[in-house]
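Listed next: structures, encoded as C-alpha cells.
You will see subunit A twice below: alongside subunit B first, and alongside subunit C after that.
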Partner chain A sequence: MNVAHYSLAGLRQEMARDGIYLQTGAFVARVRSPVSQVAEGIHQLYADASILPTHGFADFHVTLAPPATYRRWFKPQVIFRSDGYAPFKPLPIDQAFALFEWGLNWCISSHAHQYLIIHAAAVEKHGFAAILPAPPGSGKSTLAAGLVNRGWRLLSDELTLLSREGMIQPVARPVSLKNQSIEVISQFAPQACIGRIVKDTIKGTVAHMRAPAGSVARVYEQAQPGWVIFPKYQAGVSATLTPMGGAEAFMGLAQNAFNYSLLAQEGFRRLTALMGASASYRFHYSDLEEAASVFDGIAEQRHANM
Partner chain B sequence: MRTCDCAIVRALREPDRLDQFSMAEWDTLIRQGRRADLLARLHGLVQEKNLLASLPEAPRAHLQAARVVADKQATAVAWEVRKIRAAIAHTGAPLILLKGAAYCMAALAAGRGRVFSDVDILVPRQRINHVEAALMLHGWVATQHDAYDQRYYRTWMHEIPPLLHIRRLSVIDVHHAILPETARLRPDPALLLAAAQPIADEPGVYTLAPADMVLHSASHLFCGEFGHGLRDLSDIDLLLREFGTVAGFWDGLVARAQSLDLARPLYYALHWATRLFATPVPPIVLREIDACARPSTPVKTLMNALLQRTLAPDHASCRDALSVPARALLYARAHWLRMPPHLLAYHLAHKALFPPRAATN
Partner chain C sequence: MWHLTADTLVYAPASEEAAVIYNTASGDTHLVNALAAQVISLLGSTAASTDILLDRIADQYPAPPDPELLQVLESTLADLHRLDLITETSA
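Then we have the complex of A and B:
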C-alpha cells in the first residue's frame, strides 16, 4: 500500500504507535516517531513509496523522538536513533524530517557494505546510468533534480550503490536541495513537489523534493552504468562536457566512496569494472535547461549506438 | 526470554535450521547479532555449511556486509602483527598474540568473522620495558597521560597503558599476565609463556597453547568483561569444538585449569557454552570440573541468574526488568575480583574525587 493511501492523521497515528515499514528503494526502514513533522514529511515526500505489512523484516529500525529532558518542551529537539543507537546530537524539532533523511543515509552508509557506496547522485535514461560524484556544493543534487524533471529516472541523490555485479541499485528517495537550488528547482520545475523549507541547518537552508513517481515505481530495477560525470556549477558558463582521463576519474570516485578502503580488493575491482563500462567527463554548467539538453544528447547518442 | 532462546544464539547453535526462521525472527536475529558483533561470525558458519544461497536475500545482505568489515579487519590485523614483529624483533621477546588477533593469525574457526578493535600481546614481564620502548620508536604512543592512570596500569594491572599508533591509529595492549597483579586468581604467566606455540608460516609469532587459549578467554569473560559476553562465549565454543578433536586436549584441560588457578572460570565457561551453544564437552570433563570448581548452591543460583541476563545481547529484544541490575552487579563483581577491598576503595575514591576529563588532551 502506498503512503498516499493513508490520511496524514492515520499515518501519524501509525508512526507514533507501532511504526511503519517504509520501502525506500533497496531497503525497508521501520520508522517510529511521535513527531508530527516526520509524519508530514513522509506523507508529502514519500507519497509513492510502499508501506509493507508489519511483522516482517526491516533493514533499519529508526526512531525520531524528543529527548527525555526539558528539551522536550523548551526549544524542543529531536533525536535520531537506529535500533537504539544515536549517531548524532539532537537537532531542533524543526529539522526533524531532514534528520530522518540524514539518519537514513547514515544507516545505509554505515551498514550496507554489500554495495560500494559512492557519495554521488545517479540518474538513468534508456537503460544507462550517469553517476554524478562531487563534493557538497558542486551542484550535483541540483543537476540531478533538474534532470529527473526532464525525463531522467532518479536512481539516487546522495548515495550511489554499486553492486557486486557492477549494477547501480536505485534508492529513489527525496532529493535534498540546499540554499539557492531550492528556488532554482521551483522555477525550473514548477510541478515538482518540494517540502517544507528549513533554515539554519548545518547545511544551510534545506528542503527536499519528492522523487518522481515513475522512479519510485521502478525502484527494483537496477541500471547499468554508462557515464561518470563530475559536475560543477559555475555562474555564466555554457554547459560543457570535457572528456576526463580514466585514472583521474577513478581517483575521483575512490575519494567520494565511503567504503572503498573497507571493500579493499573488491572495491578496486568494482571501480575498475565501473570505469570500463563508463565514459568519464567533467561537466560545467550554469543553466539547467541547457544542462538537460547536453545530457539528453549523450543519452540519445548511446541509445542510437546500441 | 531465556538467553538460549535468543534468535542469535539459536542461529549460532544450529545454523542448519536457519531455513525455518520466519522473516520476523530474521529481523530480531540481525539486530541482536549486530549488537553482539556476531553477524560476520554467523556468515562464516553459514558459508562453511554451504547454506548461504538458501537464506532470504535481505538478511543475507546484512551478513555479507558484516563479513566485509570483518575481512578488512583480518587483513589489517595481519599487517599490524607484522609491523609489531618487526618493531620488537631486536628485543628478543617472543610475540605472543592473545584473543582475536591470535585466532585470526592462527586461522582458527574462532577467527573467521571475528570482530575486534585492538591487538593484544603477551610478553615476559622482564622484557616489557624494552618492548614498550621499541614500540614507541616505531610510532606507538601512550594513550593515558594522567599520572594516576599510569600508576594504576603499571603498579596494579596486568598490562601497560594501551599504545596507539600515531599514523595508523591502531591500538596494542601489551600484557605481562592475563589477570591483574591485584586479582584474586593468579595464573602464573611463566606457565603460559613456556607453553606458547609458534604459528605456522609466521616466524617469531606465537599463540598460547590450545588449553591456555580457552582458559584465557574464560578468565577474561568470567572474571570481568561482559561488554562482548556472548561473542566471547561463542569464541570459547568454537575453540572447544576445534581443539576438542585434537588427541589429549580434553584429558589435560581441567588439570591445566587447576595449575593456572582458573578452574572456576573454566567451570562457568564449560557449563554456559554447553547450555547456550550445545558445545560437545565430554561428560567426564564436566564431572571433573564440577568436582573441583563447582560453586556452592546459593552462589551458583545467583551467578546463573546474573549470567543468564548478562550473556544475552544488550538489545531491547533480550532485556527484562532485571537486566540492568544484573549487568551492574556483575560489573561490581568484576571490580571485586580485580582488586582487594582497600585498593578498590582507594581506586573508586580517586575516580570519584578526580573524575576523568571528558576530552583527552
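Then we have the complex of A and C:
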C-alpha cells in the first residue's frame, strides 16, 4: 500500500503508535514519530512510496520525538534516533522532516557497507546512469532535480550506491533543495511537488522535492554506470561538457565516497570497474534547460551506439 | 635494488598521463604520473636497480634513451619512496 492511500490523520496516528515500515529505495525504515511535521512531510513527499506490513523486516528503526525536557513547552525541538542512538543534536521542531531526511542519509552511509557509497546524485536514461559527485554548493541537487523534471529517472540525490556487481542501486527519495535552488526549481518545473520551506537550518533555507512517481516505481531496477560528471553551477556560463581524465575522476570519486577506505581493496576494485564503464567529464552550467539538452545529447548518442 | 613495500593495485587508463595506485598495506590511494605507474608495474614483477629500470623503460620506445630520462626516473623513484610505495635495499 502506498503512502498516498493513507489520510494524513491516519498516517499520523500509525506513526505515533507502532510506526510505519516505509520503503525508501533499497531500504525499509521503520519510522515512529508523534511529531506532526514528520507525518506531513512523509505524506506529501513520499506519496508514491510503499508502506509494508507492520512487524516485518526493517533495515533501520528510527524515531523522531521531542526530547524529554521542559523545552517541549517553549522553543520545541525534535531529536532523531536510530536504534536508540542519537547521532545529531536536537533541532527546532520545524526542521523535523529535514532531520528525518538527514537521519536516513546517516543510517545508509553508516551501515550500508555492502555498497560503495558516494556523495553524489545519480540519474538514468536509456539504462545508463550519470553519476554527479560534487561538494555542497556545486549545484548537484539542482541539476539532478532539473533533469528528473525533463525525463531522466532519479536514482538518488545525496547517496549513490555502487553494488558489488558494479550497478547503481536506486534510492529514489526526495531531492534536497537549498537556498536559491528552491525558487529555481519552482520556476523550472512548476508541476514539481516541493514541500515546506524551512529557514535557518545548518544548511541555510531548505525544502525537499518529491521524487517522480516513475522513479519510485522502478526502485528495484538497477542501472549500469554510463558517465561520471562533476557539475559546477557558474552564473552566466554556457552549458559545457569537458572530457576529464579517468585517473583524476577516480580520485574525485574516492574523495567523495563515504566508505572507500573502509572497503579497502574492494573499494578500489569497484571504482576501477566503474571508471572502465564510464566516460568522465566536468560540466559547467547556469541554465537548467540548456543543461538538460546537453545531458539528453550524450544519452541519445550512447543509446544510438548500442 | 628497488622493490615494492607492499602489493599494489594500479588503475592506469590507456593513453593518459596519470594513474591511480593503491597500497594494500597502508590503504592509501595515490594519483601519480604514467611513468610512476610504469615503475610500479615493473617492480611488481621483480626488484630492479635504477639502471635496470632505465633500460626496461627505454626499451619500450624506439628512440635511444634521452639523457634526461635518468634524471626524471630518479625523481620519480624519490617520489614513490617518499609515498612509501617502494623501498631500496642493497643488492
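What we mean here is this: the second predicted complex is superposed on the first by the 306 of 306 C-alpha atoms of A that agree within 3 Å, B and C clash if a C-alpha of one lies under 4 Å from a C-alpha of the other, contacts with A are read in each partner's own complex, and residues count from 1 in each chain.
What we mean here is this: a contact is a pair of C-beta atoms (placed from the backbone, for glycine too) under 8 Å apart; a residue touches a chain by one contact, two chains touch by 3 or more.
Note that this is a predicted model, so its numbers are computed, not measured.
**Student:** Which holds for A:254: it touches subunit B only (first), subunit C only (second), both, or neither?
**Tutor:** Second partner only, subunit C.
**Student:** With both complexes overlaid on chain A, does A:284 touch subunit B (first), subunit C (second), both or neither?
**Tutor:** After superposition on chain A, A:284 lies in contact with neither partner.
**Student:** In the superposed arrangement, which partner chain does A:218 touch: subunit B (first), subunit C (second), both, or neither?
**Tutor:** Neither partner.
**Student:** After lining up the shared chain so the two structures overlap, which partner does A:264 touch, if you call subunit B first and subunit C second: first, second, both or neither?
**Tutor:** A:264: touches subunit B and subunit C.
**Student:** Tell me which partner A:178 touches in the superposition: subunit B (first), subunit C (second), both or neither.
**Tutor:** neither
**Student:** Taking the superposition on A as described, I'd like to know which of subunit B and subunit C A:245 touches: first, second, both or neither.
**Tutor:** Touch status of A:245: second partner only.
**Student:** Which residues of subunit A are in contact with subunit B in one complex and with subunit C in the other?
**Tutor:** Looking at subunit A, the two contact sets intersect at 261, 264.
**Student:** Touching residues of subunit C toward subunit A in the complex: what are they?
**Tutor:** Against subunit A, subunit C makes touches at 9, 11-13, 16-20, 22, 24, 27, 29, 31.
**Student:** Which of the residues in subunit A end up touching subunit B in this complex?
**Tutor:** Going through subunit A, the ones touching subunit B are 28, 55-59, 61, 83-84, 111-114, 259, 261-264, 266.
**Student:** For the complex, which residues does subunit A have touching subunit C?
**Tutor:** Answer in residue numbers: 245-248, 250-251, 254, 260-261, 264-265, 268-269, 271-272, 275.
**Student:** So in the complex, the part of subunit B that touches subunit A is made up of which residues?
**Tutor:** Residue positions touching the partner: 23-24, 26-27, 30-31, 34-35, 56, 58-59, 61-62, 64-66, 68-69, 71-72, 75, 315-316.
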